[in-house]
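Next, two complexes with chain A in common: one pairs it with chain B, the other with chain C.
Moving on to the complex of A and B:
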């Protein structure tokens, strides 16, 4: 009896102490306002530096869904802006579902302040698997967008960037953690997908390449696809082979890229690319013959080789390195000043591209 | 025995028995001989009395021949002591005084010896009948299913007032002698007045007399008993109870259904996995709901987070009050449907489950998601095949809930660890509660 009495009092004490410990943690889900996307624009006609916009999702009640509200605030830092937004809303702001961070193009064109991405990393409640992107014409416009097919606020962006929705090679999503890493990693440069708003729809088919400071290069859709293949991201796409009189489209099923930096003890170091493309003919403006498949493969090889080569040279000229040649070089060379050597090497390095196209069938029974 | 002594025993027994309506003191008389009988007419089978005693008494004329009849009848025992005679009389035997000798005729009435259908541990396939309420019948059922000469039956009595007869059944070749010794020690240590069913033993398994998880299993299935005999378990049969007690019992046994044997390998494994999933969901679900909605909504996908938030928009109370409200409602429902007569039971479930649940969401007291959580938890609780264990699991979810209210997801994890630590500390007659792999005894 004595023992149980003791345990009883310990239990009561435990519960009393527990009551003291509650407080900041407990907040019901309906008392929270979920931020789904964050936009960062330069401030317009103001002494402040930035215009920070938060898109809040309004919970689904009965039949109404895809209800949202956007609150913007001008401030010099993101933290200030968020603190200023808090009194404007009726619930606690919860960043745990803020999955898209959009920068205005003007912000990345100038030198981007590290604070603008470190803030998201520092906050414990923002998931580092959030996507980062460039918004055109402005980040706020991207946030305001409400496509008709969308069921939840910003969900169409989540689907497009998360590849849950479309499987396309024109979108190269970028996660926050990777974005941060690319800023600090020598020999690996950041990139951001560009979200363009046209009236009531968005278009993500371009990628902006950054050096460690600012936007250097905006890729065209075709180049974006090439970069996607080189990064071994998404294989499913359509490869258009346009050669004077013949035009055919290959539906790519599998694309594999390997590259090798051939040592610099030789006179002329070069990067050798081996790209294997498996696919089938989807469309052609001439009559396709099964016997001629090797010929089409040869044609496709030639055209693709040229395209990829041009693209690589373009990146080299802009001195950006999203594929990570520098990192590969550093990983496999043990000199003290390997990074310096590479920096001197990269602008003059040669590229050798070897494409192997395999057309499995013409898609038709002869 | 001298005639005086017999007379004194006669008088002493007569005086010790309280005068009651159902005692019969009858003297049978012919010219040559006379016979005194004592019995309780409520406990004694009077047709047996008629066949074995009264008829022969008047058919056999000479006193000596009737004496040798009594001595050679298999149902008639000779006198041993006065106390034993008294006990037998209370147990339903007939005491005979004949020619300076005392005999005991075992003619007790065996009520409730019909075999019952299984109602608690039902299976789709396999044997459908359970034990009866008669000890002899039950032992017969076991012998029938386990025809091995090594099957040993010991007898003992438990209960200072009820003096319930208990039979200890085991396979002598397969039983672990340490376990058997533990069981016998355990049985002799039980201090109870009225002992009527095996479940009463549960609380004696711990020193504190307060147990949560059962380390003894009670079953109504003779086939389960036979299977468990082969694994070296000790079985207790209790007079008047249609349930046998299996010892030792570990968690693996509590999660096993007889259906596992009567199904094909993969179906059995699938069902077993399903039961463990049910065990987890019924303990964790309400706690996880509170932790996720009130502490860590980032664990949800955004789509789910928004619909949970939307379904809670009209709920005035914090999530834990909502959960407690629904859980208590569910417990009341479950308790009520057990207590109610079978005819009204389904009505109560319908009214409670469907109408009350729907009305509660419409009234904005609880959210839709909450109804799913609570009913899923209740349903998965029913998946656990042994009812004592399913009750224990029903209670342990409140521990997790309490911790999740104060500490969120961390609390759930800590609570889960506490539960596991507690279960690990348990043992059943020397066998750890978490025994999953049994090393087969080599005999």
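Moving on to the complex of A and C:
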């Protein structure tokens, strides 16, 4: 094969162009500091509004390398704080791995300023799929945390919130884009998981429910699990059936929830929930008898129905709607003012919960 | 070689994301977008069918060959330069849109002019190829990217975070009367058929009706996907806040067990080749049309002059991009394009239908 002059010059041109393809946009990876998590606290004692903390990963080639560095700065806006952190570090700050954003509880308890989440959306380099959460006692404490089992900085949080690690119904992760959507969507309210730090471990088993402005309700772990079931998020959990004299734990394998808003033009509209729970008995404080399984199912049905009902009423009283009843109502009604109708309807609407528990077996023991 | 007609239309369907079609549709989500999409589908299909039957009378011939001996020279030059200007701007707008995206998301430190130069080098190489080769390239790139498009589509549709209630909420505004802007904007996905004026050189026989059936199905799927999936992800009341709804949507898809976690980068890679190809096809048409005006006296010098104009205009445009407001320009361009399409299709229909090949 002979290279003709034209093809030869094309080949040379492509080789020259390939020199332009230096990775990392003119700045090498060793001149960048990667932010892994961001914390937002109220400023402690200064005239500024917020204390912004960035946690940087420090890469070390070792078996366990969760070395990190936290730099904080007080400022009125996040951008100012970031610009003021820049001269404090020796490398360019890179947000492309910032995957957890933690708000101090006090920030969401007051009216949360929209720029505190719009900033992250507006920036091109922050992932839409980063997680947002509430930090307790403060966001900085969450960042500082280094659990023993953690191998990379902040990785334990990524694993816990991303469900790659534990599969549990007590954690309801929330992505940044979903959080922002829930602020603007009429009839769907935001929520945030709460990360609590005790000494050298964290605990994520609560969820804070917000209306469009501020934190309204902090759910207990059991309610968090119920919300998880209602959102059809994660099925694997343990359902504790606590009746006066009997205690029974069901290992849930599959939970499915459907709901319907019926009938709308009558005087007393109600929301009808159908929850199907499949599982097996894992523990009981009495001797389990295979023949009595229908009886246990009935008991579980009764107790769960009551719990879910109480939980729904609690949300209704706080006037928050994380499940999206309002949106469902809007999506099923053609009238222009369906949102207004719903706002009047929600405080007085009734709930009917129908739980169907199916106990498949009693584990390895008869 | 009928399937190439299908590819040309599919190419435009895929580029609609770059050219702000979803933005305009989302803007009109409560003001008749759905009805407009249906009307645009009908009008697009009719125009496409009319155009294809006109050109079916001239198998194997593009517009320059068809009117070679039927028009006086000055009139011909005006016609071809005018037409090619339209195709050139079509390509330019897509290119500017995508360069803006690349500049934002991949390399904010690289000046836009450099990005443009790199793109132009590749595009100029493609547009001077023969029509046959351009179409081969089109087929190869679409086949390579097809699985990626389908992958992102399925990931988006099956995501837990796609809220169907938001989509149905838009559905409840079905009966709102349609408006002109969304009709015009939605009809963009069909306009790939206009490239037939050059690519008819490859169509030796009448285009089979199976192609039209496929296009009808795909276009409806495409329009509703590019309009409603961002709404499902970002909310009926919030999706309009984003400048690039589809880029935000692809960034909202988390690929847990894939080598790359953010689907955004797969999406951007996919669109590099699709945009390059779309611009190349449009500019190939523009280039061939201009060549048609001096079809008898071809010379390399003239071709290079045309290239120089293309390159000069694009670099000028990228330098002055902040002066033109991209969204407004694109909106007006889309409207102008729609009426231009209607006029040329009907002109062709009445003037060329009765002529012998």
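Assume the second predicted complex is superposed on the first by the 337 of 366 C-alpha atoms of A that agree within 3 Å, B and C clash if a C-alpha of one lies under 4 Å from a C-alpha of the other, contacts with A are read in each partner's own complex, and residues count from 1 in each chain.
One rule holds in what follows: contacts are C-beta pairs under 8 Å (C-beta built on N, C-alpha and C of every residue); 3 or more make two chains touch, one makes a residue touch a chain.
Note that the structure is a prediction, hence the values are computed from the model and not measured.
Asker: Between chain B and chain C, whom does A:127 touch in the aligned arrangement: first, second, both, or neither?
Answerer: both
Asker: Scan A:136 for contacts with chain B and chain C and give back first, second, both or neither.
Answerer: So A:136 meets neither chain B nor chain C here.
Asker: Please work out whether A:55 is in contact with chain B alone, chain C alone, both, or neither, and reply first, second, both or neither.
Answerer: A:55 sits against neither chain B nor chain C.
Asker: Just checking: does A:334 make contact with chain B only, chain C only, both, or neither of them? Give me first, second, both or neither.
Answerer: Only chain C; A:334 stays clear of chain B.
Asker: Of the partners chain B and chain C, which touch A:175 in the superposed model: first, second, both, neither?
Answerer: The second partner, chain C, only.
Asker: Would you sort A:152 into first (chain B), second (chain C), both or neither based on which partner it touches?
Answerer: First partner only, chain B.
Asker: On the A-aligned overlay, A:94 touches which partner chain: chain B = first, chain C = second, or both, or neither?
Answerer: The answer is first: A:94 touches chain B but not chain C.
Asker: Quick check on the superposed pair: does A:32 touch chain B, chain C, both, or neither? Answer first, second, both or neither.
Answerer: In the superposed model, A:32 contacts chain B only, not chain C.
Asker: What residues on chain A does chain C touch that chain B touches too?
Answerer: 25-27, 127
Asker: Looking at the complex, which residues from chain C come into contact with chain A?
Answerer: 104-110, 114, 118, 121, 125, 160-161, 163-169, 171-172, 174-175, 233-238, 241, 248, 251-254, 256, 261-262
Asker: Considering only the defined contacts, which chain B positions touch chain A in the complex?
Answerer: 208, 292-298, 302-303, 305-310, 312-313, 315, 318-319, 405-408
Asker: Which residues of chain A touch chain B in their complex?
Answerer: 3-4, 18-19, 21-22, 25-30, 32, 34, 36, 57, 59-61, 94, 96-97, 99, 125, 127, 151-152, 155, 158
Asker: Please output the residues of chain A touching chain C within their complex, sorted ascending.
Answerer: 10, 13, 17, 20, 25-27, 124, 127-129, 162, 164, 175, 177-178, 180-186, 188, 232-233, 324, 327-328, 330-334, 338
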